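The structure follows.
We call the chains A, B, C and D, going by the order they appear; numbering starts again at 1 in every chain.
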Amino acid sequence: MITTGTAKSWMENFKELILENKDELTTLDQAIGDGDHGINMARGVQEMDKMLQEKTFETPGALLKAAAMVFISKIGGASGPLYGSALMKIAAEAGDKAELTDQDLLACLDAGKKAVQQRGRAETGEKTMYDVWDPVVSTFRGEETIDWEALKTTAQQAVKSTVDMHAKKGRAAYLGARSVGHTDPGAFSSRLFFEALADAAQKEN
Amino acid sequence: MITTGTAKSWMENFKELILENKDELTTLDQAIGDGDHGINMARGVQEMDKMLQEKTFETPGALLKAAAMVFISKIGGASGPLYGSALMKIAAEAGDKAELTDQDLLACLDAGKKAVQQRGRAETGEKTMYDVWDPVVSTFRGEETIDWEALKTTAQQAVKSTVDMHAKKGRAAYLGARSVGHTDPGAFSSRLFFEALADAAQKEN
Amino acid sequence: MKKLINHVDNIVDEMLDGMTAAHPNRLRRLEGTTVLVRKDAPVTGKVGIVSGGGSGHEPAHAGYVGPGMLDGAVAGEVFTSPTPDQVFEAIKAVNGGKGVLLVIKNYTGDVMNFEMAAELAEAEGIQVRQVVVNDDVAVEDSSFTSGRRGIAGTVLVHKIAGAKAAEGAALDDVHAVAESVIKNVKSMGMSLSPCTVPAAGKPGFTLGEKEMEIGTGIHGEPGVERTDIKPAAETAEILFHKVFQEMNMQAGDEAAVIINGLGSTPLMELYVFHHAIDRLLKDKDIRVEEAVVGEWMTSLEMAGVSFTMLKLDDTLKKLLDAPSDTVSWKRG
Amino acid sequence: MKKLINHVDNIVDEMLDGMTAAHPNRLRRLEGTTVLVRKDAPVTGKVGIVSGGGSGHEPAHAGYVGPGMLDGAVAGEVFTSPTPDQVFEAIKAVNGGKGVLLVIKNYTGDVMNFEMAAELAEAEGIQVRQVVVNDDVAVEDSSFTSGRRGIAGTVLVHKIAGAKAAEGAALDDVHAVAESVIKNVKSMGMSLSPCTVPAAGKPGFTLGEKEMEIGTGIHGEPGVERTDIKPAAETAEILFHKVFQEMNMQAGDEAAVIINGLGSTPLMELYVFHHAIDRLLKDKDIRVEEAVVGEWMTSLEMAGVSFTMLKLDDTLKKLLDAPSDTVSWKRG
């Protein structure tokens, strides 16, 4: 059950996790990208946090839409439009419901996943954040309640699966075969996104 | 007694000594100048050596004048005009004598010293090559024969005396008090110039 | 990291204000944005041209804002695409009623953010068209990937599309000539040292004392191979041949050439490099009226160079030679 | 040492040929020399202007050869004054019958070599006058020493004397206006990293990871002090105040300003630096129409910046704004 409070914790947890892992994200992006993923995400979550301190929201959808707007206008790079579009669609799917059941939430996440796919023209196995979004959403879609520990594990394994992939999209694609052997930074931050949600939901229950 | 052959050995010895000490001269110039004195002098003596292989000369004066021309047109920087002008005046003083007595030679060196002073507007104690030229020439001027070992010692001590000087001319002057504690590179190469002469003269006798 | 900056968070902001302070008669910053536009924007009856991207590539892109080139440049954070709202502000500010062309370098982030801005502009009834520059032949082209990067060749798109727009051409025609440049321009770079994104505080990659990287991108993205340092002439040959083999050029053809320093490579070395390129051009009997040698699209303080060649026809040549009056590119 | 070169001994030669290859309609190399002159030199009835010095300061000086600025530039080895015979060749090649002005930077080597060249020219009946630029206020002025160095302010001497010569003025008048620039121009630099003379193969000095040097010359000659790295704004203040206190300027005066990158400092940082300078100018109410920000007189790949200010009067301003068409400085 996701209330407006849970949505807020989700975003706050995401902020914490991003800031804790900022250097790690930067290091990952230096290996196969341009080294700014940690910086980009940190800028986004800090701006989002400021916004959350200032405004109050009636529904999870309203809160997530506001977060989407911050991500779109503050992150830039590849991750800004991707997280921004995903959250925008999640919020749209949430509509003005005051609470979301696990099933509602899975529909929201599915909309987010589709947004990442569409905006990034990403396919499975191309070594992008989609390789976390897709398995996480696909695994749990259709279930009545979410096993949050299992979801976290799925996300973690999905991140690991990117190591062996040969990048086809994003900057890592320029490396061709040299991208193999490295974790995709956006996949790593997406794991944090789902972990933040799981932690918020588990605390709620 | 300086014959054309002695003059040639002088210049050849100078070439050898400069090339042996090229890195040392560069290091000295990096400390208080712009780091090219070894490079400049090496370029000059190598070009001079080429010229000496190709041409033959009738008198010491003719040989030294040709060397002067090479120094003027190949070294550049501060040291080119200084060594060039000095050798030009030395050659002029030598005139077309086939052999120079020690007294003749001292008159030549005195003319060279004055050229350094004039071209560089240098005074004693300003931490330049003049601080070698001046004591070496002044010490032996007037003597009938030159004690070559004593001349070498004078030159060596003169170089050492530049360490404590506060530079007033040349690039080292920009350092002000910070120039104290370093050997002047041009003084060092001038010592080699006189050592080359001493070695040539001693071999002759 | 040794940089002449104040706080890392303020670099882009202070740079933009520094630019308008230096060039107050040429450039204007849209308040509250990271957009610099021509002092006199919008120019009524002229297609507006907007480019931009992450910062750290200066003089790209604000150095090319002015008569005959760009109407607006959008600056992102260092090496990070600007956001859609910023691009949208630029579009609105330069729209003189004939629509706006977006010149985008082919990076996923740039493409997505500019695309979202175009959607916003179209929703407000502003006619927008886009071109995506992908001149970097270091990376193999493939329909399975997002394709080749946009690098220094982009400046020629600015110049030529800008000249076309200055003639009063319609948006479709400006778009068409930009596409024609993109089809005919190829580039490739190499680097001797990495660069440090200020906020990251450490170099993006490392190269050994005797190593060089061939095919590096302008964000330090790796290229084709890492090798021992080669002489300038050999390096020129590698870049030239890779670029040339991707072009459809014959003896007697005319080309424009850019020798682009990536940041800390002295002009002295760029001319030494061009000396080698010049011979290769003569070997192939390619005519170049005047080579453009300098820093046009940099990568912070990276040491290295990129080589760009554009095959010219009469139309492109006329537009390339047309007057332009920007901070970093003056002609005529 | 990582440089994009072939053999260290050929750098200057290949650079010069690379320049004429890149700009064949502008520049011509005098055969067998290290002199580049205007394609159309000598210009009959115009005073010729020759500058030059060691290489490694590009675009100085050949980048300033062309209509409205220099007629010839003489290149020495890296950081080494050119020899008298080379300067003499330049003088002969640009003498259009009205005499030749030599613009010399105040270094013992340059002064002596140019002086010897002037002696050779005068012996052949060519009228020659000289000015010695000494704008660097880092070093205390003193009649006991050879005085202050010439640095980036030299470019303003080229520009203004060049404009005067282009008007057809007599040698004495061109000389007088050059002296008036020299009297009114002051500069000072700083560095964050050293540079490596190619033939030396190792850096000219060392700076700690957290150190900067204030007052560095363009050959890496040390300056006033070595301190911990300071923010750009504070660095700007130090250079600005030192320069300003040596000038006779009042509120409301007009100035020309050059922000000069020494080699590897990105344009981004130069604009951040100018952002701070702009405030200081406004504080003192000094008017600057357009600041000149970029690389104008470099020191190989040194990181750092120099600040130059020229007090303008109506004459100097008119000449500064006059047209010039050189590779690196285009106006009007």
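The rule we apply is simple: contacts are C-beta pairs under 8 Å (C-beta built on N, C-alpha and C of every residue); 3 or more make two chains touch, one makes a residue touch a chain.
Everything numeric here is computed off the predicted structure, so don't read it as measured data.
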Using mean CA coordinates as chain centres, what's the subunit A-subunit B distance in Å? 75
When the centre of a chain is set as the mean of its C-alpha atoms, what distance in Å lies between subunit B and subunit C? 54
As a quick test, compute the distance in whole Å between the mean CA positions of subunit B and subunit D. 32
Residue numbers of subunit A (touch at least two other chains): none
Subunit D residues counted as touching two or more neighbouring chains: 78
Considering only which chains touch which, how would you classify the arrangement: line, ring, star, complete or other? line
How do the chains pair up in terms of touching? List each pair. A-C, B-D, C-D
Subunit B residues touching subunit D in their complex are 26, 30, 33-36, 38-40, 43, 72-82, 85, 119-121, 168-171, 173-176, 178
Under the stated contact criterion, what part of subunit C meets subunit A in this complex? 54, 76-86, 107-109, 112-113, 115-116, 138-140, 144-146, 149, 197, 199-200, 202, 204-205, 217, 219-223
Partner subunit D, residues of subunit C touching it in the complex: 2-7, 11, 14-19, 21-26, 55-56, 58-59, 63, 78, 192-193, 209, 212, 229, 231-233, 235, 259, 263-276, 278, 289-293, 295, 298, 300-301, 303-305, 330
